[in-house]
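In the two complexes below, subunit A is the common chain; its partner is subunit B in one and subunit C in the other.
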Partner chain A sequence: MQTETPVQEHAAEAAAEAFNAGAVIIEHVANSPIDHPLIHLPTIAGIDFSVTKHVFMLWVVAALVFVVVTTSVRRYLRQDPFVPSGFMNALEAIVVFLRDNVVRPSVGDRWTPTWMPLVLTLFVFILTANAIGLIPIFEVLGLLNHWVFHAGEESFLARLLHGGSTATSNFNVTAALALITFFAIIVAGSKAHGVVQHWKNLVPPGVSPFLAVALIPIEILGMLVRPFALTMRLAANMTGGHIAILAILSFVFIFAEMAGAFVGLGVGVAFAVPLAVGITALEIIIVLVQAYVFTLLTAVFIGMAIHAHH
Partner chain B sequence: MFGSRKDRRAAPPRGLWSPRSLKALQANIIKSGPAAMVSYTLIGAIVLLGGIGYAIDEWRGTSPWFLLGGLLLGLIVGFYELAKALWRS
Partner chain C sequence: MDNPLVQPDPGLFIWTILTFLVLVALLARFAWRPLMEALERRQATIARSLEDARRAQQELERLQRESAQMMAGARAEAEAIVSRSRSDAEALREELKQKARAEAAAIVRNAERQIQLETARAVQQIRQEAIDLSVAIASKILRRQVSKEDNEGLIEETLKQVEAGHGLGR
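What follows is the complex of A and B.
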């Protein structure tokens, strides 16, 4: 028996299509769902290896950094006068800045050549992963798909449009990067002092044995807290910026629903779009600063392991 | 009225991008490393250990004791790291 009138049906349809700011924001920030992955891969030992959007973005970033940096450096090494120009000039400025201002003051002259490659790789990778999230590649692809391609819902292109494109806004990615830092700290201390002495260095010298017993668990907890702080800071900053931009832009649709399309447009022109542009400008700085802070802290932690008790 | 092009080129650069301000910026960045590390560790310790305490409370139904213990331990670890950085400097 039909119980709904046409008016009720229309209202139900409208409610179903109503703008849901929270869902839209999460869709643009979170990873794509694992049950609709980009590339299906088998489950091994209970772990689903299927490739989601963030993993795909990690591959894109890694490939981009590898190709761009390798080609520029090879071209630079082939030229006769060793004078960098264009992109190589910017790359050299970054390398020299990190070496002279981040790595050398933290780890010292002797260990700079050892730890410079790791810190530099982390910086370039995180910077590129952060920055690629600010470029609306998939939004443009979505528009093209809507107007030109008309790819089916199950096509690779349609699946590519779901989920956020900033891999560093995923806590798993930043946790993996922080894990590299965590092991680098242990390796740095062990290389500089030997394995046993590195662990002995956890307790400050000259401390009585009773105090040392109390200090060991505190030091071990401190050792675990450092990568956790790195993980949370980077992922939270990357997610927060995107949420702020999307929340401000969603005012346009919320006001359009509440008071009509013209009010929505007015809010957009007068308030939402200028503010979103301002926050995007701020995001560009945050992208740089977060990559820089991650590498600075990595260098400081490695330096602390090397120069224990100085 | 205006100096020749040569004169203007010879004048040392002033403002934000002068060598002196860049050097001051570099010095501040170098000094900020341990301070940044300590501030993040202080907050990270409280959030991580408080979070672990909260999770144990939820799991075992012992609210609020593990949360309080975790927060206290987080404070101890965070302030210990802060004190260490201060002793170092």
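What follows is the complex of A and C.
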């Protein structure tokens, strides 16, 4: 797939040249290019730390989650006797649900307080990052820029507009989260059994040494496959939904180009927008389910490391 | 690998880890741990309240049972008292009746004995009087020269007559 630089593409869109559905979709899903970051930062040890759109979105999500969760929890706890209200109801339901139905059954009573913060943060962070991608904030900003602001191509706002806003659709992000799960599993096992015993737990007790030799690579493979599956599942699900919505909406422009603006509009009203609304509704469920699955699997894997009785 | 969807981006990777770890640390410190503790506390409070309520309920039931028992006991006692006093009264009445009857019988007996005595004394008196009278008559007759033998015979005869008469009178 041939990708143009966003600058060129934006110019192309503005000039109403031939509509390239693939390029537009990629532009709205992928991260902003590293060579056109929001904030230029130095390259350390070969790694470019520049803040791209997805890094920026991670910060937005983290800040939003921190502020909303902390303020509502603080306000809630200042009451006596504390009765949840409004958003706190939802948050408390999430906390209690994750505690009683996800973490406690997996890791057991003893380790629940240890692993709750990680699992809870994973859930609210992934959920917020997923959900924020469903809201067309930057598309609206782009329209405003097109009609009102007319920000220059090199301005922060213009650079902000490039790229998709769902950080969790980027496999670099999900791989990083999965890496945290990966290490959490090792830490959980080491904490529960000691470092040496945790690695010994890879091989079930009582198998013959011959079989153990065969099992070790399989177990190590399993250890690595788990975070890989987490990475791909979340990123692919988040990307796929957005691509579906964008592809369906692309029909409007494809038909407009082929048969005129009215046909395009008709396709939009009769077909593309209703279907996109349906898929967006589906996406709301997927957003929740994927956040839940990532969280649940993390808790289950941690629990497996703690209760390593094969 | 031109597709931006599959571009490895180590910077983003590391930013994600840093951002997430900072968020975990902050949330754990300022939100999750206080919230979890508070939830545990509240759970304990609710459990304790329910336990208290259950205990109060049990206490109430126990008291109700006790008071019902007490009521039943008191009623039984009252009934026992009433029936006892009734039987006591019955016994007393019976006893008084018995006593009265015995007393009446004693009075009758006494009266009979008195009558007998009086009768006997009256008879004795009459007999004495008859003797005295006889003696008086006899002496009167004797004064008109009656022999000693006649006298004795007379006395004897008179006595017999008197006794016979008296005996007939009886």
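Just so we're on the same page, the second predicted complex is superposed on the first by the 293 of 310 C-alpha atoms of A that agree within 3 Å, B and C clash if a C-alpha of one lies under 4 Å from a C-alpha of the other, contacts with A are read in each partner's own complex, and residues count from 1 in each chain.
Assume a contact is a pair of C-beta atoms (placed from the backbone, for glycine too) under 8 Å apart; a residue touches a chain by one contact, two chains touch by 3 or more.
The structure presented is a predicted model; accordingly, all values stated were derived computationally and were not measured.
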item	value
Side-by-side fit of subunit B and subunit C on subunit A, or clash	fit
Partner chain in contact with A:L161 - subunit B first, subunit C second, else both or neither	neither
Following superposition on chain A: angle at subunit A, subunit B versus subunit C, Cα, nearest 10°	60
Contacts of A:V287 with subunit B and subunit C, given as first, second, both or neither	neither
First (subunit B), second (subunit C), both or neither touched by A:A276	neither
First, second, both or neither for A:T239, with subunit B first and subunit C second	second
More subunit A residues in contact - subunit B or subunit C	C
Which superposed partner A:L179 touches (first subunit B, second subunit C, both, neither)	second
Nearest Cα pair across subunit B and subunit C, whole Å	12
Contact set on subunit C toward subunit A in their complex	2-17, 19-24, 26-28, 30-36, 38-39, 42, 45
Contact footprint of subunit A on subunit B as seen in their complex	26, 29-30, 32-34, 36-37, 40-41, 43-45, 47-49, 73, 76-78, 80-81, 84, 88
Subunit B-facing residues of subunit A, complex	100-102, 105-106, 204, 215, 218, 221-222, 224-226, 228-230, 232-233, 293, 296-297, 299-301, 304, 310
Residues of subunit A touching subunit C in the complex	1-3, 26, 29-31, 33-34, 41, 46-52, 54-55, 58-59, 62, 65-66, 69-70, 73-74, 76-77, 81-82, 92, 95-96, 99, 113, 116-118, 120-121, 124-125, 167, 170-173, 175-177, 179-180, 239
